[in-house]
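Listed next: structures, encoded as structure tokens.
Both complexes shown next keep subunit A, but they swap its partner, so subunit B is in the first and subunit C is in the second.
Moving on to the complex of A and B:
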């Protein structure tokens, strides 16, 4: 059986000491980082502590940092991450207090859901129907991907804003709030958007993409946050720092004439999957912007997997739909979008 | 010492549903205690669906058909009064969950979508894509959060305290701090899940170690029908992780080492689409007779090539992901080795249709203030074999009923008390494990236990195999007395928790083996090669196993044949 070295970041709560420890584990092809951790625990050092339960990426217990990025240990094939015999580095999730070894205190992460009241708030004084509420399939498709969140915290662990502001609601709670904003069974859409527009909410996100990268499911938290911003503006919730900034930005962009340059090709290239390479093929004018290395990186990243492609396509869909509905909104939206892309 | 009016142990679907029901009464003080965070509970792993005769995809379904399918699937060992309630109350439970916001998949007309599922004659599986359990678990947790129910998350229940058949409370262990304490409660509900972890290959999560079942057993309550364990034919080799039933449905072939579709020898007409237990037994026969694949010859191949790439991508995305992520195999490129995998635990703590635990003896003696629901209980709706999508339903329907029963009963219950001595057993056990310095390691004992259970008490059983299994187990139990664990600390000691769980596995495994040895017939999940047919004359009855110092003592109870709203379904051959 092949052997693999692991360097594990450990923490002893009694001595309050952090240290690194190296182990070697045998593994069979097909086995995961979690399998190796368990084999270390069961045959070498029973004190090594971590959480796990389902073994197949559904219970959300086993998120940790593997070679610096947050992911589920049970969903990470050893053979996928071995790199020229280097040890695999395993550490606890970030942005949360370490309890012991790879176990962190998730209460801050979970509190955010409570603060955002992420549960259905029915219409008041109205008995529910004797059968189910009908849910339009289009509406369902709009939010159902955000309901796949397994609350693993990987996004929260890598979020650059949580690192600076522990009160930031964070990607997962915001993505979950998105779901209730767009669920027609919920009665609190406006109140939710008002709350989400306050400090520590949707306007604090720096669109760094980390949550989208970390998420082992289909949630696309950053996307949800961007759509919440548009929806909040559409609902006229503008009396807050974030949306004022956004309006100013929109004005500035317009004056410089950049917005149209930046969005026009997106709009005209249409919504096809392959649109990104095409866009990059446009050379003149403002498209140099889009050709910036950062955008290409973002596009590449997005091109890397199915979710990514879907995300890009959705951006285009949204831009088009917005444009059709209201020119002003579409501009704001596109400005948000393109600056999100260009931020990388 | 802590105290609550009502304590629910276990936060899967059954536990959370019960807690919500109790919390309807604002005067009641209810708390939920769980060894993994509620959102991590095993219920979240359920993929396929939850059954209810809503008639959204057709108009021929009825609760009676649902009940019939359930009773037949159970190989007629289900209690018919319970199966009737399960089927009758299914629709209202689904609507309630939907009103709370559950993300069920939809039809074009906006109604909840339904699909077909093995053993059900009608398309009655309500689902949320391939993550039904996750959607249900999430919505129940949201409601729990909303109502501010007190949750002891990552607390481990160690012991059940009974006095003269009256429940007093539970001895608990705070995993984070290592503190042992007791929670006195007038009513306690166990919803601690199944016991599949005693088998080498299993779909079950790490937490499914039969804790609640063993706590009840040690407190003097018999365990019912523990020998009935369901094996699913399509577990990934090694891990046992479940590959969806849809793989067979879409036309994947199952091949032995000779590359032959061996199902033609076992079920020439239905081939791979034969019922789960028949396919699992066919696979096991091929493996036992040396026609298994891979180096270990312990599995057979599932070949996806007949389906075609486009269709696989469209219809089986989760299978693609599972095989790639958890076995490192791309089904588009290579066949996937699969094995029978322990999937569902039919047996458990005997209780009535309101969750009240009863000894099922001549007087049907109740244990006052003690309730059970979900996979750890044995109502029994699943009898010898549960149908897919019926267990999520059971957890919800009977979780709710138990919650209701508790809500009314608890008003009349006297306050309970826990004494210093009640903590004794648990404290001594933890102390022994922490101080033990013997030569044995828990990991090795667990490994041997799971292997022998899989081989000798698995898909096929014979007297010599079961006797071998029992003597191996006795030896493992002895070795367990001499184990040492590495982690001697108090804080978040998972080494200790795993060792306690191993103790539970060693205890209930003995009940499974003993029940299987006695039951000289084949029915549902229990297949005796030396008694390959069902024997209603002798064995149309439930097993009850009482704990004694010399091992389980067996007694038997009649199967309930008295549904309330219709005539019972008479026994017939279970044929598909």
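Moving on to the complex of A and C:
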């Protein structure tokens, strides 16, 4: 049987010592990282701790970092990740406190679902139907992939925003919120979108695609967050930084065909009292930019050529009219979703 | 070698040194760049917050322009290449493409699916023979330890970026650093988000990301970072002193645009590469490299 070296990041809560330990495990083709961890635990070191249960990528217990990326140990075959005899590096999930070895405290991850109230809020004053509550196929197709989340936390572990802000709701809870926002049996769509548009919600996502790459179940969390943004704006929930930023950006491109860097921060902050400290906050940075000539270049207000601008304005007008007639944005998301699900 | 060239908004605005350096390098190696002057901003994933369809129309238009010229399309921005590549994927859906082509028809354009946008970083390695590329390096930067900073969209989602057909793209920036004779410094943050997309929506988080990555690279021994993304450059260079305040440490790490690095190693003079147009002073770095 082939042999493989593993370097495992360990932590002993009694001595509070973090250290790396190397093991060698035998494996047969088809065996997974989890199989090797179990073999190490059963035959070499019984104190090695990690979570696991189903071994079929359905319980979501065994997410951990393998060679720096979060994934399910039971879904990752050794032969797929061996690289020129290098050891496979195994570490606990990121963005959460380590309890012991590969076990992390997932309470912050789970709290996000509670904060976002990701359960069905039924319609008021309605007699229960004689059978189960039904939905139609078109609606089901829109969100069924998000309902396959197994709460493994791989997305949360790799989320670049959670790393900077532990209060960020995170990809999994936001994807679960999406599932209820687009479920017509739920009564709280607007309230949900209002809550999700607040700080630590949809507008704090950086669109880094980490969660989409990490998810072992193709939930496409970031795409769900993007669609929530569009839906929130469509519902008129626009008194927030993210919507103002998007609208200001769009306005600049409409006018000049290109990003208008000079006015964007001002328009994103908004015309309101609360914006004043924020705009003052830009001043030191702006002074440095001035020194490096960057602000002058930005203020020169480049743009597409005359014909380009004319065509861009035409397209903006036509798209606006088209949006009033049909659900083109939903079509855009459906196109992305189907190709993403097909490719994954 | 002739290309349709989309400079992106930022190289024509707040990062003019990227435009200057790109032109200088292209001229030096004989790449003819036909600039798409009528093309529009990609929307950068921000127009799509409220108007995903509109963003797709704008990008289909740019792709169709390159196709009309019969030239391969070159981007010089990670965000641009990512948004263009995602548009290509969505436009494989025939119904959706037909709808979008109705918006392009009045201008005499049609998106047919034959444009495969590429970043300059990829094209350098794919279109120039390895020997020719190496022979252009007249001033190896052997003294420098450089950290790559990719920018999300040139790495993710992998499925739209041609990584399966072109595996070299996974570590293209490391290859560029090796090409110029410098040593590669790796660090966790090199493939993560610079924070720029949320600079106006959540400045503290944004700068914590930028400051964290720059600090980590510095701790790993990097003399500078190199990036193929002008948006990352804005957060890592132009915002670096504000980011330093958020992470409460001194940073002072120069950030190079990809063509500046290549150009330097090809022997182009620093002032022709806009190296004096950064917020973080690049002179100590140039001295270390033995350029001045």
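Rule of thumb we're sticking to: the second predicted complex is superposed on the first by the 257 of 344 C-alpha atoms of A that agree within 3 Å, B and C clash if a C-alpha of one lies under 4 Å from a C-alpha of the other, contacts with A are read in each partner's own complex, and residues count from 1 in each chain.
The rule is short, and it goes like this: a contact is a pair of C-beta atoms (placed from the backbone, for glycine too) under 8 Å apart; a residue touches a chain by one contact, two chains touch by 3 or more.
Source: prediction; values computed, not measured.
In the superposed model, A:210 makes contact with subunit C only, not with subunit B.
In the superposition on chain A, A:59 makes contact with subunit B only, not with subunit C.
In the superposed model, A:85 lies in contact with neither subunit B nor subunit C.
Contacts of A:124 after superposition: neither subunit B nor subunit C is touched. Counted by residues of subunit A touched, the larger count belongs to C, out of subunit B and subunit C. Subunit A residues in contact with subunit B (one complex) as well as with subunit C (other complex) do not exist.
Residues 68, 160-161, 163-165, 168, 199, 203-210, 212-213, 226, 229-230, 233-234, 241-243, 245-247, 249-250, 253, 257-259, 261, 264-265, 268-269, 278, 281, 284-285, 288-289, 291-295, 297-298, 300, 302, 304-305, 307-308, 311-312, 314-316, 318-319, 322-323, 328-329, 331-333, 335-336, 338-340, 343-344 of subunit A touch subunit C in their complex.
Listed in rising order, the residues of subunit B touching subunit A in the complex are 36-37, 39-42, 44-45, 94-95, 98-101, 103-112, 128-129, 131, 133-135, 138-139, 142-143, 145-146, 176, 205-207, 238-239, 241-242, 322, 325-329, 441-443, 446-447, 485-487, 489, 491-495.
Across the complex, subunit A is touched by residues 9-10, 12-16, 37-41, 43-58, 61, 86, 89-93, 96, 99, 103, 106-107, 152-153, 155-159, 188, 192-193, 195, 197-198, 200-206, 208-209, 212, 238-239, 241-242, 277-279 of subunit C.
Those residues of subunit A whose C-beta lies close enough to touch subunit B in the complex are 13-14, 28-32, 41-43, 45-47, 49-61, 74-75, 77, 79, 99-100, 103, 106, 113-114, 117-120, 122, 128, 130-137, 140, 144, 147-148, 150-151, 180, 183, 185-186.
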